[in-house]
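The two complexes that follow have chain A in common; it is paired with chain B in the first and with chain C in the second.
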Partner chain A sequence: MGALLDFARGPLFRLTFAIMVLGLARLLFLDIIGMYRAYRRTTDKKMPWKLIFSRSFEWFFPVKRVIRERHVYSLLSIVFHIGLIIVPLFFFAHVNLWKEAVGISWPALPYSWAFWLTICTIASALFLLISRLTVKAMRALSLGRDYLWLLLLLVPFVTGFICANVDVGPGSYQVLMLVHVLSAELIFVLIPFSKIAHCVLAPLSQVVCALAWKFPPETDDDICTTLNKKGAPV
Partner chain B sequence: MNRVQNTKLVLWLMTGFAAAIALNRYVFGLGVTTNLNDKTPWGFWIGFDVMAGVALAAGGFVTTAIFYIMKREEFHPLVRPAVLTAFLGYLAVVAGLLVDLGLPWNIWHMIIYWNPHSPLFEVGWCVMLYTTVLLLEFSPVPLEESSRYARVRNFLMRFRFPLVLLGIMLSTLHQSSLGTLFLIMPYRLFPLWYSHILPIQFFISAVALGLMMVAFESLISHWLYRREPETPLVGKLCGAAVWVLAVYFIVKMTDIVAAGKFGLIFNGNWQSDLFIVEILVSTLIPMALFAVPKLRRNSKVQWVGSSMVVIGMVLNRIDVGGLAMLDSTASYTPSWMEIAISLGIVSAAALAFLFVTERFHIWEIRPEDPQSLPHTPPSFDYSSRTWLGVPRIASLTKHTLAFVLSFAVGMAFMPGRKLHAEGIDSVTVSRATGIDTLCIDGNRDDQFVEFPHQAHISWIRTHKIPTSPADDTSGFALAGKDSCSVCHHLNLPGERLSECWECHASMYAQADFFRHDWHASPAGAKLKCDDCHTAGVTRTAQSAKKCTACHPFYKFTTIGVGATPAYHILSYTDAMHKMCVSCHVVEAKVVKDKQDLALCTTCHRVGTPPNLRAGMKWDISVPHFDNVVLPDVGLSVK
Partner chain C sequence: MKTTILTEEERKKALSTTKKPEVVERQKLNVRYHVEDIDVNDRPRRFLEAFAAILKHSNYKMVLDHFIRMTARCLRCAAACQIYQATGDPKDIPCYRSGLLLDVYRRHFTLGGLLRGRITGNGYLTDEKIQEMADTFWNCTACRRCALECPLGLDHGLITHLGRYILSEIGIVPRALVVSTRAQLEGPFKNTSAIPVPALKDTLEFLEGDMFEEKGVRIRFPVDVDGSEHVFFPAVSDYLMEAESLMGIAAVFTATGDSWTIGTGYYDGINYGLFYSDRIIERVVRKVDEETNRLHGRKILIGECGHASRTAKQFIPTYCGGSDATPVVNILEYTHRVWKEGRLKLDPDIVTEKVAYHDPCNYARNRWIVNQPREVLKAFCRNYVEMTPTGEDNICCGGGGGTVSIDEVRPYRTTIGGKLKADQIRKSGCEILVAPCANCKKQLRELVEDQGLNCRVVGFHDLIYKAIIFDESLRVEKEAQVIEKEK
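Then we have the complex of A and B:
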């Protein structure tokens, strides 16, 4: 068990973490290349920057959404996102691991903050899961992977919370820690190949959207030709 | 099968793997990634990346000399690829050097702090200048893509001839000076490779290698893009190479015979076998093949011969650069990480070459990637069954993924144990020898400390040591029944007395003596977290119980304890010094007839410990040190 844990924390962690970081960088790179190519093809070079910025801002600070529509859902979604990002990055033990391995460190969350933020994250994830299951509109929109993602994201949080706060015996501690590490590593590997990639692609999504509406010249004719309706009005 | 795409995929994989190891080399240092040491500071990287790399790039100056100086117009199709190869080759050399240098950020020192007596200084300057010259020589090619840069291009074209001349001159200088570097080590390099005319041999072989590299590269790129090979032109290069190889062979053999080393070739040890293989592969067999006009015009023979010269000459550079050192002075085999980084640099250069040939006007007819031809069907992703885009975008998607995955695999393969070594090699400590008079020689280098154990025991038992109030926890005050714990301050499980080397297990590096994971493991102490840490508080060393809460018999003397971060104990050397010296200094002042108690020579001795010497037949009177190699001649046998 100890050897397995060492393997999961050592080589496997380096493997999966590298896949996540470089994979996300690759996605960003490919996105920018694609955007550049699309921009070069367009005839109308004017970009609605003001709209793009205001929409991006709205998505990053969704105050309007909380106030106007679906208050509880939006609020808990925000809490979930904050916990998801802050806890793994600034939890004391994680910072300590980086410090020991590479020698760099950053300020860690106080114990009680980490404690409550983890509870909030777990609770909001559970709420999101339940609302996905119960609200009719949401269930219609959800795919199997959406449920699976929520469950998968819950695993490292729950096991990590137990490891950090509950006084379990050393045997079960090791099992829980192994599950914690392995599930986090599974998440690392999946992030660049799934919808979670929005963690780096989100800032560009509005720009991509704006570019997508700029069709290359004579696209309408091409579409009509493909549909065998040459000359039809579009 | 798409040759270009698959080759690129493999090259991307190797580049990604090497990039991961290069990252670790820069974060954790040379010690983690190489087998280099103080005795062999130059290894595979210098032999392959720098010396072979420079020699492989010799095609640039050889081809420009043939075309511009000798005015052989028929070689025009080879000039641009050759100059491009040379340019990328030199960039690869610089990249390899930046990996190999211990402090790569100091590379600019050479420009300001001159040392004109050093051949390395000349090599450094020549490589720097020649890379610049190659850049200027090559830049008209990308500049001709757009009329916007016509003026810059015309300006550069005006200086083409001087640039070519300068390039040839600089190459002549430093191709030979790479050999000059090794004139300093006649006693380390195996005699078959060492020669006073090593610079001349290096230059001639570089010319031969340059010719063959251009031929090899023409063959391989035409095979890749499925084009008609330039067989007659390559045949002419092979014909020229015969003469150069012959000159090289005659010069080398004459030198070996004249120096009386001919017999060494058939000595039968591995170096002589290596030499025979090297000469056969690099010179004799290709020379024999290409000497027949009918054979040298055959494309298959061209493949065999040119690749043999390339491999053989690279082997020659690696041999001189470190492999053929005398056994008595060096023990070095390159680590897999060194080889991986070198292969990665070569792959990156090859990718750059393919990119530039596809993008710019290197050949008369620009090569088309077969996948971008109109009749090829669109390629779909296997997993998501989506169209990956036009071939250029599709290959970008695939190749970047290959890079990412192989980078990750490279990260996983890093030796984790070495990553935590923190720069100091751990030298394992051996226990002291002797019964009453202990000889403390942790690293067994025949410099030891004489420690009369019984005398110290009786001294502690009879003396009350003057302690300041702060030192009161030291245990010295307990002299008498518990006096052992003054030095043996930590009892082991089973109430066994501890010996110094058991915890202070590393000679120079700090070690972990607490073993947190052992305490928390079901196979170890089986403790829960809250057994030591307070619940509800961040679990740190400070918030945990003290060791003495569970181990009441531990006597932490103040000597040394608390000087290092939590759970870390001093190295053996530091622990011994702190334990002995701090007491000796006090005693030297107090005791009247023991003023020299605090001097180094009071305890330190050099040579074989007396208790061992009695049983030894040989007495080696010359001490040897870890970092200094003394010649064999100094050993006297009594």
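Then we have the complex of A and C:
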């Protein structure tokens, strides 16, 4: 058991983390290639940078949006996101892990902060899950994987919380710890291939959309030829 | 989340259709708008072919790729959409609608989708799915309000635009729009309302006479003046329906003395391409540019029309020379500028009613024209009120995206599309609603009528025309003219 745990925490951790980083880098790369191609094809090169930045900025600090619509839901999903990012990075046990795995370290979060943040994250995840299940419109829109993701994200948080705060005896501790580590690693691997890819792609959306409205010129002929419509009336 | 669910009666009225069952049967298409008779065979294959052709010659692939990787179905957009707010039907949620097209793309144009399709053997595009898209893409008013609420930044208006574009290539497009566009691009009169040049000139002369009587000043509509600073393109229907707005515009130019002209070679700003086809956008935009060049104009001036302004502003650079393209100005920008420069005087005692300003989506959504008209209005309308939400976040009149020109969907537009707008207008208690857009004006007037609202819908320049104060020198000219007339 101990050896397995060491393996999961050591080489497996590095491997899955590398998969995540490379996978996300690939997505970013593809996105940038796409944007570059699009940019080259347009004649109108003037981008509305001011608008793009201010819109993107609004979503990094979504205060303005939250006070507008769906307050509770929005607030809790923000808490959820903060927890998802902060706890894995700044909980002191994780900081040590990062130090061993990638060789850099940074200050850890005070214990009590991590404690409350984890509770908030779990609570908000449960809330999101329940609203997906109960609000009619949300249920209509949700796919199976939307529920599964919430459940999957809950696993490392719940197990980690128990390991850090409850005395469960060494045997169960190791099992829980293993589940904790493995589930987190599963998440790493899945991120680049799922909707969670938005963690790196979303910041580019405003640029992508602004660019998309800049259509390449003189496509009329090409499209008509391809579709055998040349000279046809409108 | 609150949803204003309609009463059963309202719903029935809104979703009613005048289409005969045999037409639906023949066209194999159950949608509210009328379409021309078209080939109904093999629609899915033709849809995919059109999709592929468009992808090949456009930049849409980039957006689709970007968004199929991350749509999260968080439902924030639902709260922003006035259609969903009115119907409460999950099918009207912006993300659901965009999802329809994203799914087709995922299944038929990505490696993973194709493989999965091969293995499971299902998921191929069907007539039912095309029918669903044909219905829902034209329920949306393309107001792009939902794009502001999407945390992942998905512009649902763009996806709707693409969906309609593909559908139009297989003949599924409202007849009202195609017929007008055909008249504009291939008809003898080269405009969507089929107004011949002599009739246009008659109208202008008639209006000039009217204005002289009312204002005592010679206000002109210059025609075909070479080398003018501005070449003017209103929504051509304004010549038939919005005389007051046009008179206001002419009055402003008379007061400032700046040069402008209407070209008889081409005088229609309307561009329905924005609502269903990039190919049409390009063809129309080029005509505008050609006419401006023919007259050696230095700026393209678009009248009170949201979609015409946005298409010109956005696509003249796209299709006619990038950064060297002729600059595009909207008439509100012009009037605001000359007013700021002190060249336009307005009488603050004329308009005493309660006035509110409606933001046309195509002006405001990208923060292009939001404060300019407000500054001017507030300066001479004593009783100005603001509706909430406004500006960038405004609620669409309910007739956007070309739907206002489809007469057969009026019940839908005024009960579902305009429901939130009607509530908002009622709440503001305004007596005069200023809507500087030909589409909004038509829709709002119908809304006022059908929902029994208590206000009058006017253009921005209608009020300017009322309140404008002319310089004395122009009056002197007037006296000279009167004498001349008497002689």
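Just so we're on the same page, the second predicted complex is superposed on the first by the 213 of 234 C-alpha atoms of A that agree within 3 Å, B and C clash if a C-alpha of one lies under 4 Å from a C-alpha of the other, contacts with A are read in each partner's own complex, and residues count from 1 in each chain.
Just so it is clear, a residue touches a chain if its C-beta (ideal position, glycine included) is under 8 Å from a C-beta of that chain, and two chains touch if they have at least 3 such contacts.
Just so you know, these numbers come straight off a predicted model, no measurement behind them.
*Asks:* Figure out whether A:K136 sits in contact with chain B (first) or chain C (second), or with both, or with neither.
*Replies:* Only chain C; A:K136 stays clear of chain B.
*Asks:* Report for A:L15: first if it touches chain B alone, second if chain C alone, otherwise both or neither.
*Replies:* After superposing on A, A:L15 lies in contact with chain B but is clear of chain C.
*Asks:* For A:Y111, using the defined touch cut-off, is the partner it touches chain B, chain C, both, or neither? Pick first, second, both or neither.
*Replies:* first
*Asks:* Of the two partner chains, chain B (first) and chain C (second), which one does A:L126 touch, if any: first, second, both, or neither?
*Replies:* After superposition on chain A, A:L126 lies in contact with neither partner.
*Asks:* When the two structures are overlaid on chain A, which partner does A:L30 contact: first (chain B), second (chain C), both, or neither?
*Replies:* It touches chain B and chain C both.
*Asks:* In the overlay, answer first, second, both or neither for which of chain B and chain C A:G2 touches.
*Replies:* first
*Asks:* Check whether A:D167 is in contact with chain B, with chain C, with both or with neither, and answer first, second, both or neither.
*Replies:* first
*Asks:* A:L211 in the overlay: touching chain B, chain C, both, or neither? Say first, second, both or neither.
*Replies:* Touch partner of A:L211: chain C, not chain B.
*Asks:* Which of the two, chain B or chain C, is in touch with more residues of chain A?
*Replies:* C
*Asks:* What is the shared patch of chain A, the residues that chain B and chain C both contact?
*Replies:* In the superposed arrangement, which is not itself an observed complex, chain A uses residues 30, 34, 37 for both chain B and chain C.
*Asks:* Spell out the residues on chain B that touch chain A in their complex, using ranges where they run on.
*Replies:* Its residues touching chain A are 20, 27, 393, 396-397, 400-401, 403-405, 407-409, 411-414, 416, 419-420, 517, 520-523, 526-530, 535-540.
*Asks:* Looking at the complex, which residues from chain A come into contact with chain B?
*Replies:* Residues in contact with chain B: 1-2, 10-12, 14-19, 22-23, 26, 29-30, 33-34, 37, 92-93, 100-102, 108, 110-111, 164-165, 167-171, 173-174, 192.
*Asks:* Can you tell me which positions in chain C touch chain A when the two form their complex?
*Replies:* Those in contact with chain A are residues 1, 49-50, 53-54, 56-63, 65-67, 69-76, 78-80, 84, 88, 90, 93, 95-96, 99, 147-149, 151-155, 158, 169, 178, 181-182, 185-186, 278-283, 314-315, 317-319, 321-323, 325, 366-367, 389, 393.
*Asks:* Along chain A, where are the residues that touch chain C in the complex?
*Replies:* 27, 30-31, 34-35, 37-38, 41-46, 48, 51, 55-56, 59, 62, 65, 68-70, 73-74, 77, 135-138, 140-143, 146, 195-198, 201-202, 204-206, 208-209, 211-220, 222-224, 226-227, 229, 233-234
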